[in-house]
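Next, two complexes with chain A in common: one pairs it with chain B, the other with chain C.
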Partner chain A sequence: MEFLLAQIINGLILGGIYALLVTGFNLLLLEGGVFQYAYPHLLVLSMYVSWLVLRITGNNLFLGIVAAIISGIIFGIATEPIFRTLSKRGAAIASFIVALGIAIVITDILSRVINRGIQIAFPEALKGEKALLQFGYAIISAGQLLTIVGSFVAVGGIFFFLFKTKTGRAMRAMAQTPEVARLMGLPVNAMSIYSYALAGILGGISSVFLIMSLGSASSGLGNSLALKVLAVAIFAGLGNLGGGLVSALLLGMAESFVMGYLRGDWANAVAFGMIMIIVMVKPRGRFGMKA
Partner chain B sequence: MRMCWRPTLGKNNQPLLEIRNLSVEYGPVKALNDINLIVKKGEVIVLLGANGAGKSTLLNAILGIGPQKEGHVVFNGEDITTMPTNKIVASGICLLPEGRGIVPQMLVWENLQLGGYHFKNTVINKDMEKVFQRFPILQERHRQEAGTLSGGQQQILSIARGLMAKPKLMMLDEPSLGLAPVIITEVFDIIKELNRDGYTILLSEQNARKALQVADRGYVFEKGRIVLSGDAGDLEKNEKVHHAYLGGHL
Partner chain C sequence: MSISLYYFLIFTGIFILLGWAIYIVYRNGQLNNVPIAAMAVGAYIFAYLTRELQVPFILALMAAMGGGAVFSFIPALGLGRAPAFSMTIATIAMIFITQTVLRNLDFLGGVYGFYNIPRVDHLLLVTYIIVFIVGFFIFRLERSRIGRAMEVVFIDPNVARTLKINTYWLSVWLQVFAGIVGAIAGVLFANLVRILVPRHFSLGMLLNIYCFMFVGGYTTMWGVVIFTPILWGFPLLLPEAVAEWKDTIYGMLLIVTMLLRPEGVITKKMLWDLSLTIKRFFLRKNRLLK
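Let's turn to the complex of A and B:
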């Protein structure tokens, strides 16, 4: 019973992080019109920035977290001009190639320059290992609880912004009918930058949660995350925000259960197997494409 | 409600809108060739001409949409030729394009809110109230998805959306397109009413008959140039206009 609980908790954590990532990815796809394959790589970059700040400040946790989030925003905004012309021409596939290039560059730099390419480890305190709640042998640590609650709050916040505020509506209008949005007088150029900043915040927050969950980071993390995010996004239907959430949780749960009940190495295979089947049956995704 | 409005010149005796030697090219094609026209405050000006004559291009160009222009667009004494679209809308021009210009997946009231985006929420809410009073059909359907409205209702929503921007100049591109004759009459009645309330109107129309009935003056476009201009009454009696645009219409 407690084992099941532990897997569910784990599933929620993974699901929550994937939900943040896929929401950010879909946001960039819908608002920016770009296939930002390198989005998780920027996240990993934020993790490394946080690690550097922690080393410099002697493990100041607060600064480490702030650095992760702020660097997320900065990287987000920095990539906007790179994709701007492609976005204006609606060249989604070209943007994918550019993003791929960025991903390769980031991965290479991380594997050679930082820490001589060795995996970086984060201080125990940031992992929040201390058990907070206990159900027999199943425990939830402060870090895990924060991750689950934090992801829900962050994603909830984004949805509230997009669906219940004037600016959020304007951004959705820009995604749905770009010409009409323009002639209505909506500030489309400014809003494009906002969407990158928004995706950047989500990325920065995700990097904090990843630090807490994994406790370490490596140059290859970007690629493995990117594949999972892509898979979730395609499974749900590209651009489908709500579907992405559900699918992220599904994948998180599936991975966790496979790791718990079968062998760990099968987690990826099962996850991708699920995705392969759904795409063969429903090519536009389980919940339908919206982009 | 204002009293009957006689066309007057704007501040400093200038027309509200002035187009000087405007040319727009799409690659090798000159969509607009040396256009000169003015719109005085309080007027209803109509642009006549066949499809592809350049009417839509002009309206888009005024709003800052389309390729780079040669020449000048002067609004309220200010040169807006190179101004970005959102600033132009904020300065008092709105465009209701061909095909309604609404966001179909959003609700009616959300479309209206977006129309008044620049203003504070309190102002937007007051304006929405006014718009609902003027167009009760929108009040009725304010929580419906805009795409589920009929063609005529969408046109009304489009006009209402334009009003939310508190425009000084309203530009309408082919407002009668795709509408049944009864609805067309309704739309043109609304245009007349708006002009009575003080809005300056610039519209492009293929339905010359209806348009000349509401307009003060008109310009006739052919292949990107203005070939004829004058008072609406004169244009209606003009042989060429009659033959080309009033002959085959209902």
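Let's turn to the complex of A and C:
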């Protein structure tokens, strides 16, 4: 029972982080038809920036967290001009290839330059490992609780912004019919930049939660996360924001249970097996695609 | 022949085969990455048959091709209808699933790998005979009715359906063909390296192939042929300190090419113009001689 509870807690943490990531990913997909494979790589880059700031400032946690979020926004906005060209051209596959190129460059640079390519470790204080609640062997630490609550609050905030504010509605209008939105006088370029900034904020927040839950990062983390995010997005149906949340939780739970109960490294195979089955049985995702 | 040149030439042949395997499905408007996973399947089938059961090269090659065909046919039945993005990611997922399964199969060496694979004689010659046969098949295929159907599907799948082209089965058979070519590449790879480790068949290899295909040009089969030796070879000529950054160079090349020359360096139109220029040159020469 305690083991089961521990797996549920881990599943919620993973699911929360995946939910943040897949929301950011879907936002970019909806806004410009961009298949941002490198989105999780930018997040990992933010983790590295945070690590550098922590080292420079003598482990100032506040500055480390701020650096992760701000760098997430900057990296997000920096990629906008590259993808805007492709978005205007309607080159969806090309956007995936370009994102792949960005991902290769980031991974290669991280694996050679920062910390000589060795895995980076964050200060213990950032992980918040102090137990808040304990059920036998199952422990909920402060970091874990913050990750779970923070992920859902952040995603809730983004949904509130998209569905209840004027700018959010304008962004959704842009995603649904860009031509009509343009005719209605919506500032197309500004909306595009907002989307990238918003995705960047989500990326920055995710990087903080990843730092808290993993406590370390390596250059290969981007690829691993990218495939999970894509798995969730495809499982839900590309661009489906609501479906993405449910799928993120499902995948997080499934991965956590497989890691807990199966021998070897079958967790990834299960996640990817789920994509294969969904794509083969329901090519447009479990919850259908949205434009 | 120096050993490095020998390896370079065979690797080039293997990468050309893999590039063609991805290219042929892409000409149908879908980005299918199964060839890398099929390569692993083909390589391991070949390795197991030749080392454990002493099966001759040609039989083991055919078994590997059969394995590649079955391996790509089953998902192709589902992926034939999948949107382009979903297929791209689902087939990347297949690479990871294959890797995970291979890592956990102890009789194939698991994470430690499968060693001492017998090597066929005259591997270089065998490689280029196979490259020539596969290339000739693709060349003829592109000029057949199927090739024209692929062209229509690539430009507009809806028009293709209106013209009564069965886009689903076209996609399925092209994926199977790609899987077979991937398995052949795997057999040649197993012969060359003689040690198979699951991590050989990774996203890294796929990224190399993408670079060769998209930088070379995806509108013609010659883009891969011309740019694979160039892109695979130039890091070997660079100083070691620069060559280490091969992946970054490939990534930058991919980004720049997709932004500035989306169809790649070698395009169909370029080849068409070149063939016209050559024809005109010879016509003029003949007229002068008369």
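Note that in this section the second predicted complex is superposed on the first by the 289 of 291 C-alpha atoms of A that agree within 3 Å, B and C clash if a C-alpha of one lies under 4 Å from a C-alpha of the other, contacts with A are read in each partner's own complex, and residues count from 1 in each chain.
Heads up, the rule we're going with is that a contact is a pair of C-beta atoms (placed from the backbone, for glycine too) under 8 Å apart; a residue touches a chain by one contact, two chains touch by 3 or more.
Keep in mind that this is a model prediction, so the values were computed, not measured.
Of the two partner chains placed around the shared chain by superposition, neither chain B nor chain C is touched by A:G156.
Of the two partner chains placed by superposition, A:G90 touches none, neither chain B nor chain C. In the superposition on chain A, A:V105 makes contact with chain C only, not with chain B.
Once the two complexes are overlaid on the shared chain, A:M276 sits against chain C while remaining clear of chain B.
By the touch criterion defined above, A:I234 reaches chain C but does not reach chain B. Among chain B and chain C, the chain that touches a larger number of residues in chain A is C.
Of the two partner chains placed by the overlay, neither chain B nor chain C lies in contact with A:G117. In the superposed model, A:K166 lies in contact with chain B only, and not with chain C. Once chain A of one complex is fitted onto chain A of the other, the partner contacts of A:P81 are absent, as it touches neither chain B nor chain C. Residues of chain C that touch chain A in their complex: 31, 75, 77-79, 81-90, 92-94, 96-97, 100-101, 103-104, 203, 207, 210, 214, 244-245, 247-248, 250-255, 258-259, 262. Contacts from chain A toward chain B in the complex involve residues 166, 169-170, 172-173, 176-177, 179-189. Those residues of chain B that touch chain A in the complex are listed here as 60, 63, 65, 84-86, 88-90, 94-95, 97, 101-106, 110, 113-115, 117-118, 121, 124, 161, 165. Across the complex, chain C is touched by residues 35, 82, 85-86, 89, 91-94, 96-98, 100-105, 107-109, 112, 223, 227, 230-231, 234, 238, 264-266, 268-269, 272-273, 275-276, 279-281, 283-285, 289 of chain A.
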